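For reference, chains read A, B, C, D and E in written order, and residue numbers begin at 1 within each chain.
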Amino acid sequence: MRGALLETGEETRRTINNFLSRLLQEKMVDAILAPIETSTGLVTPGFVTNPEKTHIIDVLAPVIPGVAMATVVSQITHEKPVEKRLGVILKPCDIRALVELVKFQQVNLENIYLIGVDCYGTYPVIKYKEILEKGNLPVENVFEALNKGGETEFRDSCKVCLNPVPIYSDLCIGYIGIEKGKLFIEARTEKGEEFLRKLGFKLLELKERNRAVAEILRERETKREKYFGEAEKELNGMEGINSFFEDCIACHNCMEVCPICFCKECFFDSDRYSYVNQNYLEWNPLEGTVPMLQAKVQFHVGRAVHMASSCVHCGLCEQACPQDIALYKLFGLIARNIQRIFNYTPGRSVEEKPPVQEFKEEELKEFIG
Amino acid sequence: MIKVNERIGVFICHCGLNIAGTVNVEKVAEEISKCKGVVHAEHYIFMCSDPGQEKVRQTIKEKKLDGVIVAACSPDLHEHTFRSAAASAGLNPYRVEIANIREWVAWPHEGKGEEATEKAIKIIDAAIEKLRDNMALLPVEVPVTKKVLVIGGGIAGIQAALDCADAGLDVYLVERGQSIGGKMAQLSETFPTLDCPQCIETPKMTAVAQHPKIHLYAYSEIEDVNGYVGNFKVKIKRKPTFVDWDKCTGCRECMKVCPVKVPSEYERGIADRKAIYISFPQAVPNKAVIDAENCIRMKYGKGCGLCAKNCPSKAITFEGNGSIEEVKVGAIIVATGFDVMGVNSFGEYGYGKYKDVLDALQFERLLAPAGPTSGKVLRPSDGREPKEVVFVQCVGSRDPDNWHPYCSKICCMYIAKQAMLYKHAVPDGQAYVFYIDIRADGKGYEEFVHRAMTEDGVIYLRGKVGKIVEEGDKLRVYGVDTLTGRNVVIDADLVVLATAVEPSKGIDDLARKLRIQLDQDGWLSEAHLKLRPLESLTSGIFIAGAAQYIKDITDTVSQASGAAAKAIALLSRDKLEKEPIVATVDEEVCVGCGNCVSICTYNAVELDPELKVARVNEGLCEGCGACAATCPSGAIQLINNTKKQIFEMITALTRRD
Amino acid sequence: MELLYFPGCTLKTSAKNFEDSALTVASKLGLELRELPRWNCCGTVYSLAADDLMHQLAPVRNLVRVQELNRDKLVTLCSMCYNTLKRASRLVRRNSEKLETINMFMDEEQSYEGRVEVFHFLQTLRDEVGFKKISEKVVKPLKDLKIFPYYGCLLVRPEEEAIDDPNDPTVMNDLLKSLGAEVIDNSFKTVCCGSYLTVDKKEVVAEMTYKILSAAVKDGAEAVTLSCPLCHFNLDFRQAEVAEKHPEFKRIPVFYFTQLMALAFGLNPEVCRFNLHFVDPKPLLRGKGFI
Amino acid sequence: MEKDYFEPVIVGFLCRWCAAAAADAAGTSRLHYPPNIRPVRVNCSGFIDPVYILRALLEGADGVFVAGCRPGDCHYVDGNLKARRRIAILKETLKTLGLEDQRVVFEYISTSEGSRYAELVKKFTEKIRGLGPSPLKKKFLTV
Amino acid sequence: MEKVMVSTDILTDEEISRLYQCVSCGKCLVECPVFKATGVTHTLPLPKSRLLRYIVDKSRGKISYFFGPQPIESYRLNQGVPTVYECTLCGACTEQCKFEVKPHTLWYKFRALMNMAGYIPEPLKHVKGGFTETKNPYSLPEDMRSYWVKKEKLIGKASVKRNARVIYFVGCTTAFKRVNRGIAGSMARILNYVGEDWSLLGEKEWCCGAPWLMIGDIERAREHAVHNVEAIEETGAEEVVVTCATCYRAIKQEYEELIDGKLRFKVLHAVELIKRYIDEGKINLAPTDIKLTYHDPCELSRLSGVIDEPRQILRMVSGEYREMEKNKENGFCCGGGGFLQATNNDVRLKVAQIRVNQAVKEGAQYLVSACPSCKMALVDGAKELKSDVKVVDIVELVAQLLGLSSK
């Protein structure tokens, strides 16, 4: 892909923020939606419209603060498209979720410019806070992990993630496969190229970036097979599931944060279904409500049946579980298998219809009879 | 939510011994009476009998029932009976549910009384759970436009249009070609009556032209169809004729002077027509059209224009790009007819390279008195009168490996006719017919073929023709006679192939526009081959004539009248009643994801742009429930088949006592 | 460009002229025809028996040989070899149980995986070399030589094996045109020559030969060209019987298309081994100044 | 009296135009099959939400027998094709979790195939009896 | 689809930035007592904050940035009523939150917002009328406020003086509720026992205003605050003692903001005062062997930090003092807070039953609390459970041990 190479020296973050503020200055976008630093040091999605204020943006922060950026964009453009031009900073899994939400009419991409960011991995939000409290910058750990490899405390879903580089975006801020002190801003669509050209950048091609990405993928492919292999063994049959969901208190927070769970009110929470919850939630004064395994299986497996085909493997369900259950093992595994039988990759392209919205004349013979 | 004062009555039928013989009806009645909300449980010898129905009516009144369960035979049989009985007693018909304990319980489990009784109770239990949430409904009333659209101007379309118009309905008859008349107008004579087809069809064509109720759209095509039974909105595209039809008198002066000669579709290529043409003498409408591809003036925008100069009524304008008109109709009759395969598909018979190898429709034109040779049989190559003519049956038909597996049905008869007419035209000529089996099953058909064999000395050879090769000015036909077991080589002057009949070209995208199905060979699929051959699966759209499957004129006309009768019956009512089991949307729950919109086959669901909420068009919705299954948040549900009802039925069925 | 090629038994014996001319013509066109090592007989006519296991071993073993060199393309010259090998490869690709039984039976060979594609040399000339390149190589165009191209059955039937349109094949017509010759075309070019009936029913083959050649001669043909040694034997050797039964019959020589290419490319006529023909072609060629 | 061998509970979802009609035909021609199947009559197989099947299994069904029209015969044009895709998703999910997805089966049965319906039900019941009680319905009390 | 404009001005910018700091980590969900009792997810803290963020987005957050303030669908507000009001405001979620969102302060503002928009539970709609008139949440006649004095036979011993050093602010739940009369009586006797110069406010005492904050009507709460402060300052009192944890927190933490000024008197909970008397030697308690455990009223311990005093007193009272598993800041709510008794009483009872059982599990004979709402809830819970554990307020216990009251 063609793009512009930027010198960053030690100041990667400042270079990116300058680039963003130039976007605002040149009136190419009216506002930028990006992770901005808050008083507690954490990042949260926020708006920047004033070119001078872009210093608070922290694009490379290796954490997803609670709700995915895709959900934020969906909340804005759900009813009608934005008139003002909005640049959005998105991690690869954010973009995949965004594309899926476009397919379900939850997001309208008019006037939205997608600025993707390489993502070698993110920390669980609580771990991220601990690193901050210890005083060092999590971003450094990411670069260190990137160069030297080796084990990291990234989230499981990030360790086995198959596209650290965004596929579908106008621009892409890339650091994977680029030597230290440099940054590569790729233009992926005409809009992207027009941006870079307007900013006076010379466009060039970087081969070693693709090689580096490919190498990472090969390594992660094996890890992914191993990870899902273990998950499969662990989740085998009701005993396996019983021990897996032992601590689950059925708070349904995994559903609340899931970017592609777009229903206003989850069917499994609504009165159209709740008859089951009463029947299966044992009420006893000693323990309060105890969710039976049936209720948990109905909720989790039911939700998987609805959404696994569009699961973008972002792993936020695992991060949102107060009981620290490794939920991505379950949802990731089911999603991988279902997406394999339909040969469907969520977030690959906006035109590709999700499996639940269409059907083919000849298919799935093996499931008949 | 539990309704407080539910009053359900359950009636268990013995059906003589059919049910009572296996299921212990007393125990069932006793068990069911204990169910919540059941205030009356009774078993009776024949519920579907008058006293049985009377018992239902009586109990509804006496015990003020607000729901009835009849546990008897399959709902397909008596659901309607018991619903109307309840309705006559003042209970809404949709507050009645049928539990099938005969076909599904008593009969298949004869000899297993205990389990059968257990199963019967469970099934009735489930029916009760479903009934609890059933809403009282009234049929959805849909307005009716008392107009009919007939697609295809062949004899089928003409007959259907006339019947509907005579019944007082406005008819829009749309014909793709310049004139109506279809294939029948191209024939020389009909079998077995040897009538002149133009003589018997022209009166009907003029009747169409003059009928006040029939609006003829010749040289027009169907652009787009939507809407539903009783309320179809159809866009009809009038193709540009470049001639002002109001002024054109059909005097054909223009055709005399036009320098361009192009193979005529009507004459099937064995004679030419001009760039400006009227298909055939008796054409209706008797108005000229310009074929823009071949007319010099139209192609280059200038030059020629002889026809305009020569036209007495100055009707030729060379301008216009047609128009699109939208009409509203209540019913549609598809009568698009058939096509005949050309000889160029068959390599073994020369790929159409040999001029004297014709398909049967071309030979019809040779035999036709008004044809290019005014009835004289002359060879297209050198104009000589052929003394030896070979007819080959089943070319491309009954040939599953290469072409069509089906039998084209009408060739046996028209080949016999053509052989006979050839003999009348060339008394000393000799006709040979290679056939596999002669199928002459119509009235007077067998006698007709027998006459061809005996009186006209046509030699029938049972066998197929392997190859035809041009030998000098002769056509060497290599065939076989399986009855004598010997190869047969005939040096013929002329060969006529009875090529296979196919659905008319363009039927597949018309079918897509109408959202009706085609079978694997491309014929229109009927609702039921035996019992509903004239209706398509989409209600309000009827099919007639060869478009449904190949048939001769007799059957075509009777089907046309049948389809017309169906349309007339449908449109005889002012309001159409539709099954009220349709989808409904809870706007507070719907998030506007569009799953239901893209999954619905009938396009009955749209997304309301501002509110981003699904809307169901009750007229279009057929109640299949596919949307309910694909909606993640359960916002769209099928009336009386809500998710809650199904869940409760499942719980009832799986309850272990 | 190096192509793996399957000679077949007859091209090593009575049809040596076909092989030699083909090899030299190929090298002239820059194609190196490398003989398939350890090939065995192609099994001649494709067996139509219900239990045809034994008969399929021969062709499949040849395909295994190709697979051993991990190549997936094989070119043939003789129509019979082409037809038999191609049909066998299609059968085993379609019918996995039969392939399994064959692989189990040939336990000393590696199992055939069904990836080899079989082609005829005419296809290679048409699709890979191209007639334009061939006409560029022509030194002595075969001007005023009227030749009737005869395809026979095995190049065009059954349909799945046809290298051209089964009813009206033109690949040899175009080849001859590119060599400058005048082509005599009629519908007998795909009529059967009688094949192995020549063993026990000579008179039927004579009758077929008479029908084919008399039609060609009537249309002005001076020679016939073909690509199958069996057809060559029937149309060439059997002309003697034909002459006995039909005195008015005029004999004409029968060439392999590669011999005509060799002549047109101006190669040494020796390689065409004209002595192997029964109807001596030399008088005609000398008359037209080609040798 | 306690059965010596296990009697499976099977919930059936029969599409009203084809499968239910086939069941009726089986009954009319007195074809016997085990009484374990308890059918629900739905408008179209396309109406069956995978959650129903999941719920049936968890409420105590040992097997779920779903039957719709053959491709091309569906009264609603392509309801059965939609059903096939949803049941494939559910079965794949159950298979991934080792929850014995063979307890759910989707068959094409056309209106006239009464005998085939009886046959398939018999075969399915035996298969489920072989598999024993469904693990999904055991009440796990997690504390 | 009916839509309503909702104003969110009640939320300060600091509160909004705290609201958006939530990272949905879910830790607050585990300890929510209402969820423990009902298993219903839509009353959990995260769904509450999601709805609040939806409303803020639409009226002044990111959606309004693009399209101007947008109205909220009324059905969402209706569905939001139980989400916001079926909550004991016990602050357990704040305790668990590691990202300083302090959600329970937001729930108060959320109620104010909902109240302004007119979306409050039916029962509270009826309470409002009476509450405004009678100045107490139970809409009982004003003169009933000192009825306990008669019932506790303290006529003359607990009276309203023109000025005094200590004012005993009784609080409505203590004054009006029969089960809590003993608390007021004991407090009065203890004050007399130590010879304190104290007085009641009597008729002038209005409800402390906390229930108004729970309904969401801040103006009404302000009226009550201003009135009560005036009444107290008229007496020139230096200290105000309360026996109710809710009044304690309201006066101590909310009044200064409500009256927009400084309080000129100290606010003490009874336990603090008793602890001081003990330290001053005015009271000494002989140890007993009764098995007892202490229930931390959320508003006292978690939300106000008074944790050790009651324990020191109880350890003096009995050697057999046991801590419940969930105690101090992580104490489990009794179910009585957040006006839940009016909004949804059976949830309150379920929470109470769980709490009582936690005490039974420790083998306690006496379950001591320090707030009339807790006592009322725990008594109802014990009745539901038919458990024989005796629920008693700490003030009553001290008075009883001092022999000042009979029970």
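Just so it is clear, a residue touches a chain if its C-beta (ideal position, glycine included) is under 8 Å from a C-beta of that chain, and two chains touch if they have at least 3 such contacts.
Please read all numbers here as calculations on a predicted model, not as lab measurements.
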Shortest contact path, chain D to chain E, counted in steps: 2
Set of chains adjacent to chain B and to chain C: none
Most distant chain from chain E, judged by the mean position of its C-alpha atoms: C
Centroid-based (C-alpha) most distant chain relative to chain A: C
Selected pair, greater C-beta contact count between B-D and A-B: B-D
Distance from chain D to chain B - Cα centre to Cα centre, in angstrom: 35
Whole-Å gap between the CA centroids of chain B and chain E: 77
Inter-chain centre distance, chain A versus chain E - centres from mean C-alpha coordinates, in Å: 42
Interchain centroid distance [CA atoms averaged], chain C/chain D, Å: 60
Sequence positions of chain B contacting 2 or more other chains: 588, 599, 630, 643, 647
In chain D, residues with contacts to at least two other chains: 50-51, 55, 78, 82, 86
Of all residues in chain A, the ones touching two or more other chains: 80, 265, 267, 273, 276, 287, 291, 356
All touching chain pairs, where touch follows the definition stated at the start: A-B, A-D, A-E, B-C, B-D, B-E
In the complex with chain D, residue positions of chain A that touch it: 232, 235-238, 240-242, 245-246, 267, 273, 276, 282, 287, 290-294, 296-298, 301-302, 304-305, 308-309, 330, 333-334, 337-338, 341, 355-356, 359-361, 363-364, 367-369
In the complex, chain B residues that touch chain D: 74-76, 100, 102-112, 115-116, 118-119, 122-123, 126, 515, 517, 537, 581, 599, 601, 622-626, 628-630, 638, 641, 643, 646-647, 649-651, 653-656
Chain C-facing residues of chain B, complex: 347-348, 351, 467, 469-470
Sites on chain D touched by chain A in the complex: 50-51, 54-55, 58, 71, 78, 81-82, 84-100, 105-108, 135-143
Complex interface listing, chain E residues touching chain B: 1, 73, 75
